[in-house]
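Here chain A shows up in two complexes: once beside chain B, once beside chain C.
Here is the complex of A and B:
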């Protein structure tokens, strides 16, 4: 049994202008200890997908359809209380901007300690030794002093280490990372990535790693899922996707991260689709260099090609739906 | 290098910060004695992480900010002291990372471009102005319909195209482009980079391209200057800097780019810890506190740029 199975998930936002279909029928599964990279541009639905797994979709957003099965239980059918039990313990999340989640007027030691209080009933002040150990584990320099610090006294990289410490405190089975290093400088980003991979090896936790940075995902993920306009376009082994991308959109993304000297960079014309009024047929067809007449008429199914699932009419014959 | 178009000489920019309630004033040394020359029709990339001073230096070279000391010469004219004469002001333009803050949200694109066009040619007739604005949009591959739209009706990439059109309206010789694609989606970035490269070629413009993304730097720049904590660590022709890297800091940056072609991935260096404060930057080499190869001398000696190849300079005497 996979650790997590998402089936036909649909998350919509009801806005005055209409319904935004942010995630529109996405299915995938995740094994224990596996790292799944989720790549996509803004508006692809990748962040909404992440938030929906831990029940953080807030109105006007709503889960319209689908199942999120975690260790055999459908998270969408749990009460808020049952969900809270899982969230922060078995499933944790690290966000792009730690400032949104760290309380500016609470000392770091207290905030991190709250994780122990919420799930183990240990008072934060009594958990201080545990917190110091934890901060040492994420290699925050001078942890004894840092528990007394306020968030603003820490750099962006240090704050992200604090977030990671909270995410790993209770040895979760799944960590969802939403652009955890995108706001950081490249050298700091490299250190945080190293730390995350170390934590994965130590805890054996599975990860869903969301990023627009395909180069980064290529380094860390076992499997890769590409999203476009709220839909899955391709999912498979990372190495295979890099070697031979099947979907024209995946191909364009892989081309976009190559180094080209003093020549025109390969481009993808046009702009990502509006999710209020997505194009008919395949959502990528207006920008697709390989589009056929049918692409604007028929919604592609998902076809298995080798070990990969791809949503493109080019593979309709070849693959099994 | 032939006589440069733009020459920054010993630029310092210190920002005062109050030290507690009673303590006096301290200074953030954003740019600390930097010289940089940019030749005609060349693209120089200015690379560095946040706090390196690259944006500050860019704004000073664009004439937007005054340096604390030092001067910027455009064809021999001090752009700050001579009050930025009109003809100089027109020759130097800037493109910002976030077009939302540089395009007035209450103005139609026609008026945004019109402002620049009338600045260059006061008293231009309305129909001529529309014709010029239409041509400018064509140059940046935007449909003339966009003239009558407001910035919020445009996508991020389209807004950046408008910003480029406005910059070239004044027929500049030098453009400072501060992270012009960092806020854009990957599939849009390449479009804008290609556009910048074409505009540069067709108009013979020199560009200071401020960026942290090595992929676009590798693609369009002729020269690279690498900044760290207000100082230039390395400068040289792009291929030289990538192939015969002259500074450990540059090597740590290159080490973060796994897809860089094999021949440039000779180094695998990781910096140590967090960047220090700009208020009390480390003595000696600014990078020594994070340099994996630092020696005793690095704490003491104030590093000067030394020539290690044709037009290639490094601030590290010990590397290689």
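Here is the complex of A and C:
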């Protein structure tokens, strides 16, 4: 049994202008200890997907359909209290911008200690030794002093270490990383990545690693999932996808990395699709170099090609997944 | 940065006090002129209707009102520098003594009203932010509507009519016992709650939209902890600002409320002083009021620093 199985998940935002289908029928599974990279442009629905797994989609967003099965239980059917027990303990999350995701008026020691408060019933002040140990583990310098600090007294990299410490405190089974290095300086990014991988080796936790940086995902993930306009485009082994991308969108992304290395700037024509009024048929067809007449008429299903699942009419004859 | 060293707090206060001096000076000049522009002649009021022109002139001389304006001002300022606010024309007592005799009553009423308002408005505001479409949410809307739109003297009179005249539960006017305090304090508190409920609701709503709330929830914290520890603490800054400004306004004397309930505070004193063109007393009360406002603003700023560590940095380090 996989650790996590997401089936036909749909998360919509009801806005005055209409319904935004941010995640529109996405399915995938995750084994224990596996790292799944999720790539896509901003607005592809990858961040909404991450938040919905932990039950934290901000209104007016709501999960309209699907199942999120974690260790055999459908998280969407759990009570708020049952879900609360899983959050921060079995499933944790590291967010994009540590500057806004830490509370500016509470000391670091309290904010980290709250994890123990929520799940072990230890008051944050009494958990201070545990917090210091934890901060040492994420290699925050001078942890005894840092527990007394406020977020604004720390650099961005230090803050992200604090966020990571909260996420690993109770040895979770799944850590969701939502662009954990995008808001940081380039030099700090490498340090944080190194720490994340080290923690992952130590804990053996599975990870969902969300990023728009396909090259980074190529280095760290076992499998890769590409999203476009709220839909899954392609999912499979990372190596295979890099070697032989099936979907024209995946191909364009991977070519982009190769060309950047050669310092020729490639561009994908056009703009990301409007999720309010997505193009008919395949959502990628207006930008697709391999576009066929049918692409604007028929929505592609998901087809199995080898070990991979791909959503493109080019592979229709391979049969439904 | 760590807990602020004591010295820097003292320095900060000293700097703020120095900054207040020019503000006060400008205020005094304007006030001095404005009071004298008021129609009506104190000497004539004191002398009475029967008095002769000579009598009035003699009183003017005693009061120093026959001197040119700039000389009067210099006299007044030199008194101020010696801590002398002058002598009340009407009461024939030092102005400062008269103010300090009334101030405790005003303080009592202001604090009672503010405490009632805080105790009711903050929980009401928080609940209505969390559950806007429940009965409590509706109650919060009604309270803030009443508080911000009902004329205070009308509310006061209604309360007197119900609780003093009809039910005979509480005294309608005067002071002395706790029972005397209830009606005026409740009247004022209603007025204060209008704003306070709205501000609390809005700032809690805003705090709840913040990203750190998502983090707090992702840790598996209970919703009460998320709201009271994470959201409310951040929402306190605007709440404290409003509370401080309200308290400042009340300490100057709640003129309408004090009049309706015959409450012998600064508000009534100011009204009497204006009616009798008691220049030194009017001036004294206004200066006293200005000083209170300056002190309260300072206290608010220091309170910010204790709630928000980021403010602390900028306060202690600038200057």
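Things to note:
Going forward, the second predicted complex is superposed on the first by the 312 of 321 C-alpha atoms of A that agree within 3 Å, B and C clash if a C-alpha of one lies under 4 Å from a C-alpha of the other, contacts with A are read in each partner's own complex, and residues count from 1 in each chain.
Operating definition for what follows: a contact is a pair of C-beta atoms (placed from the backbone, for glycine too) under 8 Å apart; a residue touches a chain by one contact, two chains touch by 3 or more.
On a predicted model such as this, the values are computed, not experimentally measured, just so you know.
When the two structures are aligned on the shared chain, A:203 is found in touch with neither chain B nor chain C. When the shared chain is aligned, chain C comes close enough to touch A:58, but chain B does not. Applying the stated contact rule after C-alpha superposition, one finds that A:219 touches chain B and leaves chain C untouched. By the touch criterion stated above, A:97 is placed in contact with chain C alone, chain B being left untouched.
Looking at the shared chain after the overlay, A:269 reaches chain B, while chain C stays out of its contact range. In the superposed model, A:76 lies in contact with neither chain B nor chain C.
Residue contacts after overlaying the shared chain place A:122 against neither chain B nor chain C. When the two structures are aligned on the shared chain, A:106 is found in touch with chain C, with no touch to chain B.
Partner chain C is touched in their complex by these residues of chain A: 51, 54, 56, 58, 80, 84-89, 92-93, 95, 97, 100-106, 111, 114-115, 117-119, 148, 150, 152-153, 163, 166.
For chain A in complex with chain B, the touching residues are 41-42, 141, 155, 157-158, 185-191, 212, 214-215, 218-219, 252-253, 256-269, 271-272, 287.
Of all residues in chain B, only 49-50, 155, 157-158, 185-191, 193-194, 197, 212, 215, 218-220, 239, 252-253, 255-261, 270-271, 273-275, 290 touch chain A in the complex they form. Every residue of chain C that touches chain A in the complex is listed here, in rising order: 1-2, 209-212, 214-223, 225, 229-230, 233-234, 307-310, 313.
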